[in-house]
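To keep things simple, chains are lettered A, B and C as they appear, and every chain counts its residues starting from 1.
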Amino acid sequence: MVTLRLREIATTVGGELSGDGEVNIGAVRSIHEAGPGDVTFLLNKNYEKFLSSTQASAVIVPLDVDRAAIAGKNAVIVKDASLAYAQVSRLFEDRRGGCGISPLAFISNTANISQSASIFPYVYIDDGAVVGDEVVVYPFTYVGREVTIDAGSLIYPNVTLYDRVMLGKRVIIHAGAVLGADGFGYVWDGSQHQKIAQLGVLRIEDDVEIGANTCIDRASLDETVVRKGTKIDNLVMIGHNVSIGRNSIIVSQVGIAGSTSVGENVVLGGKVGVADHVAIGNRVRAAGGTGIHKSVPDDSTIAGSPHLPHREWLRQQWYLKKLPALFERLTKIEEELHLRDHNDRD
Amino acid sequence: MVTLRLREIATTVGGELSGDGEVNIGAVRSIHEAGPGDVTFLLNKNYEKFLSSTQASAVIVPLDVDRAAIAGKNAVIVKDASLAYAQVSRLFEDRRGGCGISPLAFISNTANISQSASIFPYVYIDDGAVVGDEVVVYPFTYVGREVTIDAGSLIYPNVTLYDRVMLGKRVIIHAGAVLGADGFGYVWDGSQHQKIAQLGVLRIEDDVEIGANTCIDRASLDETVVRKGTKIDNLVMIGHNVSIGRNSIIVSQVGIAGSTSVGENVVLGGKVGVADHVAIGNRVRAAGGTGIHKSVPDDSTIAGSPHLPHREWLRQQWYLKKLPALFERLTKIEEELHLRDHNDRD
Amino acid sequence: MVTLRLREIATTVGGELSGDGEVNIGAVRSIHEAGPGDVTFLLNKNYEKFLSSTQASAVIVPLDVDRAAIAGKNAVIVKDASLAYAQVSRLFEDRRGGCGISPLAFISNTANISQSASIFPYVYIDDGAVVGDEVVVYPFTYVGREVTIDAGSLIYPNVTLYDRVMLGKRVIIHAGAVLGADGFGYVWDGSQHQKIAQLGVLRIEDDVEIGANTCIDRASLDETVVRKGTKIDNLVMIGHNVSIGRNSIIVSQVGIAGSTSVGENVVLGGKVGVADHVAIGNRVRAAGGTGIHKSVPDDSTIAGSPHLPHREWLRQQWYLKKLPALFERLTKIEEELHLRDHNDRD
């Protein structure tokens, strides 16, 4: 367990210290749960009222905090409390490493493993694989032939990396993820589905994180690619030949069908489905559950299934709620015009 | 394989025996498939007509069965045939145990494993983990640091339990489930997504069952919790800081986003999606595919996406089906009022 | 790596050779990426214009290709270019085999493994399992008691086959799939959910392919079955007692609830959800995201949630888009009839 002085934390986040900088901090906790030895964060203005009662040894607060609320407290005042929270949380992370290469791992003679990598027992590394510096590979992970894992990457247990998958630097792959499986492609020959062998690769660039049990298929030809800094949640499905741009956010249970391209800084909410062969522009934001059936221009915010611009979708929802009243109004007109009898309502 | 006398089965279910209590029963089969040595169940009144032709050695039937239909049969008459079926099915279950601790498992010196636990080959148990009495852990399961697994729990193959996950008594975790992975949290710093380290835990209470390839993330701070007796199906995603109450039923492919709370005795049908930071009350029932975007009061039955009270949703569906007729009626009025020409229909 | 002469490829696909049949081909690439030593395919008429500039050593083209476009090229002219692509892709597939039975695999004394099977290190094969000729089983796969895997099947890493699962010939199971887990069945006894032990089996027929992290539960009684030639994508959920007919296509993230039957040559698009106890006929086609709540007759094409015949669904979408205009028209009529004031619009 890590212990830090508040002064060190203030330095990390570039904040202004108020109170005792020598107090020891051993954990981050929420404002209600924090006790002595903990630091907490004010991330939401509505929680300011809890500052007086929190038992935390220190609080990290934004510039616009009510200064009276932190009087007598040990505090660090920062420009962006959320960003400070991310930075400080990582100081207390208990990350593995320095375990060496277990003799209980199975490593092909033709694999090339950095001496600074940590390879747990019961890892299987196949022919020609390359594992870089400071990489950590947990048990029950299969590293296929000619897979490359670049420096600083972290692979949790039970991950499968099919042959020739390429992972960049500082990539994180959560447990159970399957990268580089066969894309789903067949041709009907009149009596059965003939399999198209999937001869392409999967490439994951630097700083990508991939969630638990997520599946990303390799390309039929050429490559499937996820670009630098993109973050993918659990149980996501990404089909063959898909390309995803930089710094996008793909929330849980999203499915993206084959040959679709997704731009940079895109956010796809939970359970979004995207058809094959469409192009989603940069900075597109899709609400949870959106069904994207055709290409979407840059900077769109969309919702619904089939998808609509978000504003249009809201309007459609508004009209849907008015349908009963509309039927009432119509019936009234018909009665007025004697097109319908008062006793004849359906 | 288990063999029981019908008399013993009658005692287990607290039913009234009719016919030969000494007949040997070796299996449970459906009314059409059952043969000599099998017991079958009448769970659906519509199947009463098949009682005469079933080859089963015995039938278990509800109190309101037509007594003529079981004349000459070996039968057990019970108050609740479905409950009797559950009880009897478990008599014939072929559950593993008593295998001891395999020398081919990797167990940290600082882990604490009950002598009555069954640990298969190729299990990895990390530092400080505690495994209770009669626990069974199948191959390729990773038990992280300081994980606790309480008595009688059953962990199938290829499961990943991240550090500090807590499992109660008699918990069942199916193959491929990933418990306690990082919640999905980042802060954009203007040029990249900064990861928020996930410092909280995941706690699973007694008698919870978790399906294959389901993912439940640990909290960012504090805890994610699934309370006593809740049953979760396959391929479900539960985000960080979620809390799920007692005895709820979460069907396959449901996704629950971060910081949402779900009450007791809730039923979420297949593919339900729940937004983050909402509160679902007790005894709420959501139809398959419901998209829950805001909090739901106790005892609601809901459907649709965005969700509506079930009755309102049915009404909306009814109006949707009437839309073509409504357009017809409107056009007719316009013609009547000479607002539109007869040749001008769209 | 395989190298073939173009003449051999022409023979495999039964095509007409044009140009140099002796040219060596070492890979298949897309028309834009192909270079010397590669063969490429014209699968889409719109790409014909790229034939002149492709660097590929050979092209495979359909009968109706513009002959001028392949003048001077090495080409094979075929009736069905897609089918030829599937056939040729498989010539270049780099499939594993002939690895023998690893001494690092754990194999029960009572299991029966063909001498021609390839069993990787860290495979666990339990009592009474039978593994046929030329079967390949990758690391971290659990083969339960009395499981049978017939000749030529291929099981990728981290797969779990629960007890008594039956796999036919040439079955492919991708990484992380869980076959034969407990169906999701409980009976409420007034104070808790009583588990129904799942006593049935799961049977997968010949030539079925099952995607990564897909889950198919075994039956409560009797069997869950997937028939010959059906192809199932990643992250699909198939409940207990489901039966799926021959040569169907089940796309990613589909969920099929318990006791439902699906016919032959059915196509269920991505994220389709199917309720329990319904019957889907033969040759049904469901668009991505369809919610199937009741039985569907043979040869239907459906969409929407709840599902409608595709044509009706298109019509409904058309009317939904017209709703704003409809409200306009209605208001105008009301004004005309003095049922509403011009200043009273909502």
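The working rule: a residue touches a chain if its C-beta (ideal position, glycine included) is under 8 Å from a C-beta of that chain, and two chains touch if they have at least 3 such contacts.
Because the structure is a prediction, the values reported are computed rather than measured.
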Pairwise touch network: line, ring, star, complete, or other: complete
Superposition of chain B upon chain C: rotation angle, C-alpha, nearest 5 degrees: 120
Separation of mean Cα positions, chain B and chain A [Å, integer]: 26
Multi-partner residues of chain A (at least 2 other chains): 122, 140, 158, 176, 213, 235, 253, 271, 305, 320, 326, 330, 333, 337
Footprint of chain C on chain A - complex, ascending: 106, 122, 124, 140, 142, 158-160, 162-163, 176, 178, 181-182, 184-187, 189, 192-199, 213, 215, 217, 220-222, 235, 237, 239, 253, 255, 257, 271, 273, 275, 291, 293, 305-306, 315-316, 319-320, 322, 326, 329-330, 332-333, 336-337
Interface residues, chain C side, partner chain A - complex: 27-30, 33, 80, 82-83, 85-87, 89-90, 92-94, 104, 120-122, 138-140, 156-158, 172, 174-176, 207, 209, 211-213, 229, 231, 233-235, 247, 249, 251-253, 270-271, 288-289, 317, 320, 323-324, 326-327, 330, 333-334, 337, 339
